[in-house]
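Shown next, in structure tokens, is the structure this report addresses.
Just so it is clear, A, B, C, D and E label the chains in written order, and each chain counts residues from 1 on its own.
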Amino acid sequence: MEEIFQDIIIKKSDDYIINMGPQHPSTHGVLRFELCLLGETVKYIIPHCGYIHRGIEKMCEKNTYQQIIHLTDRFDYLSAHMNNEAVCLAVENALEVEVPERVKYIRTILAELNRIASHQLWWCAFGMDLGALTTFFYGLRDREPILDIFEESFGSRLLHSFNCPGGLMHDVHPNFQKKIKDFIKYFRKILPEYDQLLTGNIIFQQRSIGMGILSKEDAISYGVTGPSGRGSGFKCDVRKHHPYSAYSKVDFKEILYTEGDTFARYKARIDEMWESLNILEQLVDNMPAGDYTVKMKPIIKLPAGDYFQRVETARGELGCYIVSDGNKNPLRVKFRTPNFSNLFIINKLASGNKIADLVAISGSLDLVIPDIDR
Amino acid sequence: MNIFKYFGEVFGAIRSLWAGMRVTGYYSIRPGKVVTQKYPENRKKLIIAERFKGEVIMTHDANNQHSCNGCGICEMNCPNGSIEIISNKITNAEGKSERVIDKHIYHLSMCTFCSLCIKTCPSNSITWGHDFEHAVFDRNKLTKVLNQPGSSIRKEIKEVKETKEA
Amino acid sequence: MDFNIYDFTSFTTWVHNALTSSMSPGWAMFVELAIVGVVFIAFYAVIGLYLVYAERKVCALIQNRKGPNRVGPFGLLQTIADLFKLLMKELIYIKNADKFLFNLAPFIVIIASFMAIAALPFAKGLHAIDLNIGIFYLFAVSSLGVIGILLAGWSSNSKYSLIGAIRSGAQVVSYELSVGLALLSIVIFSGSMQLSTIVESQANGWWIIKGHIPAIISFLIFLVASTAETNRGPFDLAEAESELTAGFHTEYSGIKFAFFFLAEYMNMFIVAAIAATVFLGGWMPFHIPGLDGMNHVMDYIPPFVWFMGKTAFIIFIMMWFKWTFPRLRIDQLLKLEWKYLLPLNLMNIVLIAFIVLMGWYIK
Amino acid sequence: MTNDQLKEKINGWISGLEFPENKQYLEVVVPAESLLKLARLLRETPETAFDYLFCLSGVDYGKQLGVVYHLESTTHNHALVLKVKTDDRVNPNFDTVCGLWRTAEWHEREIFDLLGIKFNNHPDMRRLFLDDEWVGYPLRKDYKDDINIIER
Amino acid sequence: MNSEYLILFFLLGVILVGGAIVFSMFVAPSSKNSAKSEPYECGIPVKSDAWIQFNVGYYLFAIIYLIFDVETVFIFPWGVVMRDMGLTAFIEILVFFFILVLGLLYAWKKGALRWV
């Protein structure tokens, strides 16, 4: 047990401490890294979180199951749909409700669209972390069609509380399929540009290849999931290993890289965008007709017991753990959010590297701070 | 140190840099690809989706009548307490006492746009409005009264409700 | 009095004669200096402000945006409005900062760029100083700015500034070499360090054409190294905003910050102007021997326009660089200089010496 | 391993454990003193090899406080839920498992922060989200905060 | 004639910066505030002093630079006369560069060019 603690940080009084965050452009929110520097080199990093802790888990205890949904949007706002889905699936499984096929298909399509949008935003923010400011605007530009699809169908672009236990709030817009097909065509043309701009760039490669290597054992032990974990060869794709919604019906690859460095994490996300496009193509034409929801009681009471639902968000594995005592409010809701586990690997990855590498590594982990703090 | 490898690296680097510059160069000479718009000027051309969640509004018809009977389901369903209904009990012409809303208060500042009130409204009296320019100087202005002054409940709705009860 | 826009020598001598004939020599010199001073301050301000505007417009186009478009037609007055805003911003003093050096730093960066701009030949007969060691002078003065940056970063008593300053010290010091050696290649070709002579030597063709491969290599090296020397992206490590928030000028506010900003753009103008002068023939029009018709058309374009056009072209390339590439890390930056640019540069100089020796360039 | 085999295996290590009904996963309720022992055996025995702790949650059951460990094996693809409960609401403490699964270090800090359950031998037992000066443990059912929590 | 102009341009810089700062002092608002005068450190109170002994790596480069920069200064006069002197100058510069490159290679092999 002792040897496992060797990376425990020992502070010294004469350390050159510099605070990165909460007001810093590259921490993507209000996260604070306490860095100890030796010249340009980072000796250790202590992450401090909690600046936007809103007590969502406590709030959930006071709300009914329908009312929880809109809170889940707000921890990982970039994969809002997947967060909603986790709670809905947990409640549906607890009540043993079978949702219509159409709902499953729509949920899967939305999850993949959301994943692409999230990865696009990650891509542009990552480029900006590395100093390539133009990527930021290209990413946002290409994200716009997806947000338009969202807006047309559910009225909001980012936080669409569109799921409800038992199905969806309402049916998707008639233009839904056509717009997605247009988007797939557009984005397949645009994605190679991303490679030319950043992936193939010599400066980018020099800055990412071999930087912040995360071993598979560490990834599992630290619970680093999602593309960050898969960049280290950790087979953690919930969509593949514990399929939910319509994922058992589609044929897709789990992106795995074994290098575990920043570049592998980067490539994993870029490849996931391609893979998501494939999934979308398989689903969008085969959307079955049917009802968009099953009739649920206005007040849902889960039988006493505990329920766990895992979904794959854009950043990794989201676990929704509901303990019910039979009332209309849950006794305890715990969200195992991917970023919470992904954040704390940062000391291991970035200590010993330069400040610039720290920025690149934290960018490649794709941290969303509200997801850490909840 | 292999001299060919050294020059290979240099040329590879230049090629990779040129690939990126081609992309940005392509866009830099095409003003037609500009995606941003001048916002306040393009207000008239804005395409707002019909399902756009701007704010909760209560639909009134030409006679200044709405269909809200003040049942309070939206108030109950709202997770943030952003809806308050103040209703009065009045005695109508037939001598029966009935509930009529006085004020349907909506706190926009607390709304999280979850759609639960609109989805659960039994009489479809509230819906999403498309106004998105919510910025005000005074926080109190975000508290809105949804029923227009002098409005009343639509007759048919009352009748439907009465037949249902019977 | 006959003076034309093709040759300013007659104009300047006319001004000089008019002044000396109407007043005492001391006063004449004073008025002359005052005229030159006013003209250059105005020129400096206009160039600085419109380079900022140009950068914002170019980067907006690259990024599929509109860019500044509110103040004035096409946003042309945007940067002037910004200047007034910055003038009216509070000058914040930092606790425990070294006040004297903190205030001195903006002076140094601006003075360095002013000294450099003095030696540029804008057109035939239109330069303030024509030193016989012009290139050497520019090479020396343009590297003075780094002292300002170092002072700014060090005196702020902020950790981010200090890291930025030290980074920029290592960076500018390294790239200085490549700038010098790249310019040296043209000195070898033309056999002179006087800028006006170098420009005159390109009357029958620019050095980048006459010196073919080695000149192109030096031109590319000069572009890279001078971008690095002016602390511009992808070499903007001193102010790397995603790492050091604003680097060396983190603590500066208001007009003092504006001077660092202005100096950065002026330095960009200066290095672009040097590149235009040395490699692209300065104010010399584009001539192809034999095609007399076209050469005459080219001659109708005033030299000043040629000079500014070439400078603008190089500035555009530098902006294009900046808005395309990710930032280098400090060790890569130094590796690029010491392991790639410097050896290549030395090889290139030997190559040029050999070419000059054999006379294999267009004379 | 199937759930029955796992049950057998665990019973072989520590007898007298409670296996409550759970539709999703095999669930084990462990007494606090044998938690670390069982966790270590589950983690280090090659047949079980539970190397991935995918959720660690603290629960306030009203009277009891408990911690729930969701374990999975990435090699064998089986999952298990460990539960440990205590009646002590004043000074609840369990052994830390962060030597076995590193991710537990911060999950345990979070539980300490929000539920006040201490983990013995934890290398850095401080609050994670809230200030060090914060009074009380917000996720407990009996937590009162008149300023920040508005009851409707 | 040139020296006056050099002084002039020096003064121009001083006038521009000094004038603008003085002008700004009159028009800009000013309020003293202890939080405002803290150096920026992302909103966290600054703990230790910023002025510390810094990594020696930076100075190694400065020293190498110094050597090479002095060499560059020597090469410039050579560059001017290269065309006229011909073969002699070429052979001279080969010898000169040989020594210079030897130094660079030595520094390279010693790892002085590797960032620490």
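Please note the rule applied: contacts are C-beta pairs under 8 Å (C-beta built on N, C-alpha and C of every residue); 3 or more make two chains touch, one makes a residue touch a chain.
Just so we're clear, the structure is a prediction, and the values are computed from it rather than from any experiment.
Chains that touch both subunit C and subunit D: A. Core chain by CA centroid proximity to the global CA centroid: A.
Between B-C and C-E, more C-beta contact pairs join the chains of C-E. If each chain is reduced to the centroid of its CA atoms, subunit C and subunit E end up 16 Å from each other. Note: centroid distance subunit D to subunit E, computed from Cα atoms, is 58 Å.
For this pair, subunit A with subunit C, the centres built from the Cα atoms lie 46 Å apart. Averaging C-alpha coordinates per chain places the centre of subunit A 24 Å away from that of subunit D. Within subunit A, the positions touching two or more other chains are listed as 16, 18, 24, 40, 134, 141, 197-198, 201, 203.
Among all residues of subunit B, those that touch two or more other chains are 17, 20, 23-24, 35. Shown for subunit D are the residues in touch with two or more other chains, of which there are none. Pairwise, the chains that make contact are A-B, A-C, A-D, A-E, B-C, C-E.
Interface residues of subunit A, counted against subunit E in their complex, comprise 15-24, 32, 38-41.
Note for the complex: subunit C touches subunit B at residues 58, 61-66, 69, 320-321, 323-325, 340, 344. Residues 2, 4-6, 8-18, 20-21, 23-25, 27-31, 34, 36-42, 46, 49-51, 54, 57-58, 61-62, 64-65, 68-69, 72, 75-76, 79-84, 86-87, 89-90, 93-94, 97, 100-101, 104, 107-108, 113-115 of subunit E are the ones touching subunit C in the complex.
Every residue of subunit B that touches subunit A in the complex is listed here, in rising order: 12-13, 16-17, 19-20, 22-24, 35, 49, 51-53, 77, 79, 112-116, 119-120, 128.
Those residues of subunit A lying in contact with subunit C across their complex are 16, 18, 24-26, 37, 40, 127-134, 136-138, 141, 197-198, 201, 203-204, 206-207, 354-357, 359.
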